[in-house]
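What follows is a group of structures, each given as structure tokens.
Note that chain A is present in both complexes that follow, paired respectively with chain B and with chain C.
Here is the complex of A and B:
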């Protein structure tokens, strides 16, 4: 017959052992500590040293919290080790599945001439900037070599609708091949919607293609950011949005914004425009240091501090909206919060370690070149081919995936061995971003104290944690963002 | 003109790597020359070009705090390294990605 342990067994233990964790100053009064799986806790600054030195009698409540998040364990407890191992394995499970996102740049032609364009678009009539069927076939051979059970093919440009015949070819060919492969195959077209026709929508509906579009804010801002003949980008977007939603379904069209210097004083107006057009979220993005953004000096037109003000103002407004009953998400924060509050990894390429380049997303360019990421091909359009992994016409899957260009970038930028990152409490939420750091610092690691990427993300991580600590309702809203279905 | 300051740390209390890490973290405001003499680490701090006096004083203060933080991290790492390896071993031994 089973017996309970003796009473002493259940007595509260006071001696504990430390488990591995990292810490960083959250502000002058508090530290944030993170365990190996990225779970965090905020403690008053004077308590950190005594906890580590074990010279401080911890309250039963604090012991329970630190144990439940595996910062400490009672002597010989095995469960915390198993739990941490399980959470780490869960967080990294995406790596084993390998590349999911395959980007087909079907043309570099575009009807817009945005000064910040990150892919250095060509004019509408230059046919030499179109992908050929031979390249598409070889790219599809490559796509189906990925072991990932879920494959997403995203069409980008230029404006991919200017080479819609190639979009159709790739979709039909991919679906034909998938009859044998049986993957979870999805398609996305990244488009401004300006050239969308009913025939195109019929095709998209027939093949469950979703549309990812661009909206920079109210009409005057959007049209100033996105010039095209007729200066009617916003009108065309709105018309296209209406048609696409009617044909494909309300939630089958998303939008991304780009922040220019003109956007900075208008955070609330931009969010209001997203609300007016029925979107349930916005991605407050920075301008990337690639393509025309560099050539036209747009990238230099505002600094990280100013962008952070914009982001914080926007986020504050979005939180207000949620508190008033309007469900609306800031998507970058939602990605970070998912990493902070769950064991899942949303697989956002910029915030992955090892970097997502090549192993989470890969790009087949209109000229047959294969790039490690969308940013890599943007860099190539500026004449820097560092992350060109090979040619789809000349090189095999193995030659491309095992190329030094890719493996060196992944290995050298690995944050758990990068200076400063390896000790950083926010490392579980951050990413390696070798392409960004190479673009700015000519070094895939770069000196992190000088990195705007590090500064921006560190500020965001701290801001989100402080917001959760200062207001229970905000914390509940954030938990909702992190656990979206 | 570059601003400067000198800080002295007892070798019995601080690890050289700790000072190096704190110096690295300050790299956008100041540079640090670290030398060792008579059981002490001497850290000669110089401001970067374009850093004004208030910013330099703040950076020096941050450097001091960082030294303390990194020393504490060092202690924590030394104590928890074996168990960290054990946890990573547990995590990666069950991925199904390696053959026997």
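Here is the complex of A and C:
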């Protein structure tokens, strides 16, 4: 007899135990099962019931995979529980860090008059729509109350370059305070680049300020979306981009696109424009329903289905690009894939639970109001002040962070207890988004079957999982995306 | 292949009660007298200094016996041992019949076998475990460590399972830190002992400045891993051991030997590692050594690396996407795809490293890690494709 035991000797003799997992139908033939750590596995539809009821001897391969991803375990095994706990802890670790992103709306004034825009005013008057130094000082007091060792200050508008003196004031003041604080302090300016001067660039270079800009696609589309006197938004963007890259560094300028009904038939052209200008990724965004977008009914002019077609077409093209050797990322997919393929949390406010509002990001508005998110202040511009957490001039850090407006929204939208979210297989990849649901449905949870947010994200999650299942090369490309953020 | 131990030809001892066990070798004629008394001189010509505790001669220098200082202890070794050099440490057995070279100062690959006992019985073990009490080895290591040159770059502790005797393992590690504070320490363990948080903590408290524990994980499927290592529940304990070590900030390397069993789920294993153990410091994917038990289980283990090269590429690709630190060891350059090159290492210890006859014409031989001597002797890929 051999001194070695056979494989069967090491196979488990008793039946397995189920570890917590959720399931959902992926398509007509398959289910996807997921756990809190974000692990997923696709199984043929008829296998689901036997796995759960343990009524059918599963193949050794399936048993191995279910153990490997911690969907099942055998009695006395400790490693699966430890690994699950570790991954969930890792995923939630950012919560303990608290607020990182602090948005300063230094002015509402803007040189553009985009029909979809959320928050801008065509005004020459300086006082009315600009942040004051008193507000900035108080806001900085607030910023450094955050326990987060990394602090990002993002300047928004309007067009923040129209109040560049305030940008400079905040940067210099924040850096002065940071000599003592020692945080990892970073700055971003969200700007169309149209008003960028060499002096501004010098300042940005000196203080390592990154620029986050906007590009909607080819010139005609971009200029139609973004009217300004002279109809030269695209040209100014391109010139600004070139100057800024030369001064600050090629990767120090990013661009975000806004999707409008005009964009929908032009996914490839938009992506090509990003390629032409040397970007290595694009964020295929939905149209935001806030601000003037709701009023002008612009966001109603195409429905979620149509947007999903646009997204899938764009994504397919981007995958083709990657397969031909061009590294190019679709950033929304990358955020979702990070949640699917790693234990990391990309920290994207829309896809966080508890919601990122207030605790991942917070907004100091030009008028001294403090909002739970960028969207919250857009809602306020339409007269809905639900997510106004207080005034930086009148209220303390504690009063603002512990305000009922914020705590109720976070608690009531928590996806692990929200109806239909708590038992959704895609919950680990999704987020709470109380502000969106309040804006559209007047309820921070809303009925999910009616939620375009839910429909859109579910479709994206399923689509990404199916793409990975159908093609090894795509899965490999996605693994690369997942590990970038 | 270098011969590291075996019979000696003749030993001449003036004082038979004076037992020489461990001896540090010198080739320096100018060593101060005071240092000579503890050292052994390797004779290479007739200029032989006086005052060494012992003298070594290889057989071809046997005629130099007459040139030795009067009443010297000496040993005559087979010519195989001509490589013994300055700073090496040897053991002359108590019965004066055999020699073992324990440390070679000129080699970057010195490993110290801590014990032959193990709680695994791996199908491909190159150093088959023995149950017998071998704690004399531990005594010897405690004497050896102070003799090792202080400028040694790296030292490997291997086995058996080096933590079998936990207290003595900790003592040896502690001693190593004291005597060799600048040496990188590599410990090859199956990690199961570190499942005990108290033991893991005590190891961590030694605070070796530069140490890594290399721990094998052969499959993401616990059953397959347990079968390969022939130990029930091993996977569960090994994973817990890794988690404890990393929780304590200790460096851990995962070592995967590739063979017909482990290749079955190698990409799944790599996904498992990337997903669950992303924080380990290094992942080594290693070719099979044709030694020990491997030859007994050859049918079950052998797969031509040529047949698995695409699976290897896929597996390395997964780890690379997750940004892990990867090495591919013990493979031949012509049997891996070019996407492996960035991770390819010439890894086989110098004393057991050879090339096949097919390799003679190869233009990239100097870039290639070649084979284990055991591979040349007992079988290697039929698919070698020398570069030309």
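One rule holds in what follows: the second predicted complex is superposed on the first by the 465 of 485 C-alpha atoms of A that agree within 3 Å, B and C clash if a C-alpha of one lies under 4 Å from a C-alpha of the other, contacts with A are read in each partner's own complex, and residues count from 1 in each chain.
The rule we apply is simple: a residue touches a chain if its C-beta (ideal position, glycine included) is under 8 Å from a C-beta of that chain, and two chains touch if they have at least 3 such contacts.
Predicted, not measured: the structure shown is a model, and the values here were computed from it.
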| item | value |
| --- | --- |
| Chain B versus chain C as contact partner of A:7, first or second or both or neither | second |
| Which superposed partner A:483 touches (first chain B, second chain C, both, neither) | second |
| Which superposed partner A:419 touches (first chain B, second chain C, both, neither) | first |
| First (chain B), second (chain C), both or neither touched by A:82 | both |
| Which of chain B and chain C A:21 touches, first, second, both or neither | first |
| Partner chain(s) touched by A:341 [first = chain B, second = chain C, both, neither] | second |
| On chain A, the residue positions that both chain B and chain C contact, one per complex | 82, 86 |
| Touching residues on chain A, where the partner in the complex is chain C | 3-7, 9-12, 39, 60, 63-65, 67-68, 76-79, 82-83, 86-87, 341-343, 472, 476, 479-480, 482-483 |
| Chain B-touching residues of chain A, taken from the complex the two chains share | 17-25, 36, 48-49, 52, 81-82, 84-86, 88-89, 92, 96, 419-420, 423, 447, 449-450 |
| Interfacial residue positions of chain C with respect to chain A in the complex | 121, 123, 219-224, 226-227, 230, 232-233, 235-237, 239-240, 243, 265, 268, 272, 274-276, 278, 296-297, 314, 317-318, 321-323 |
| Chain A partner contacts - residues on chain B that touch it in the complex | 21, 24-28, 65, 69-70, 72-73, 75-77, 79-81, 83-84, 86-88, 90-92, 94-97 |
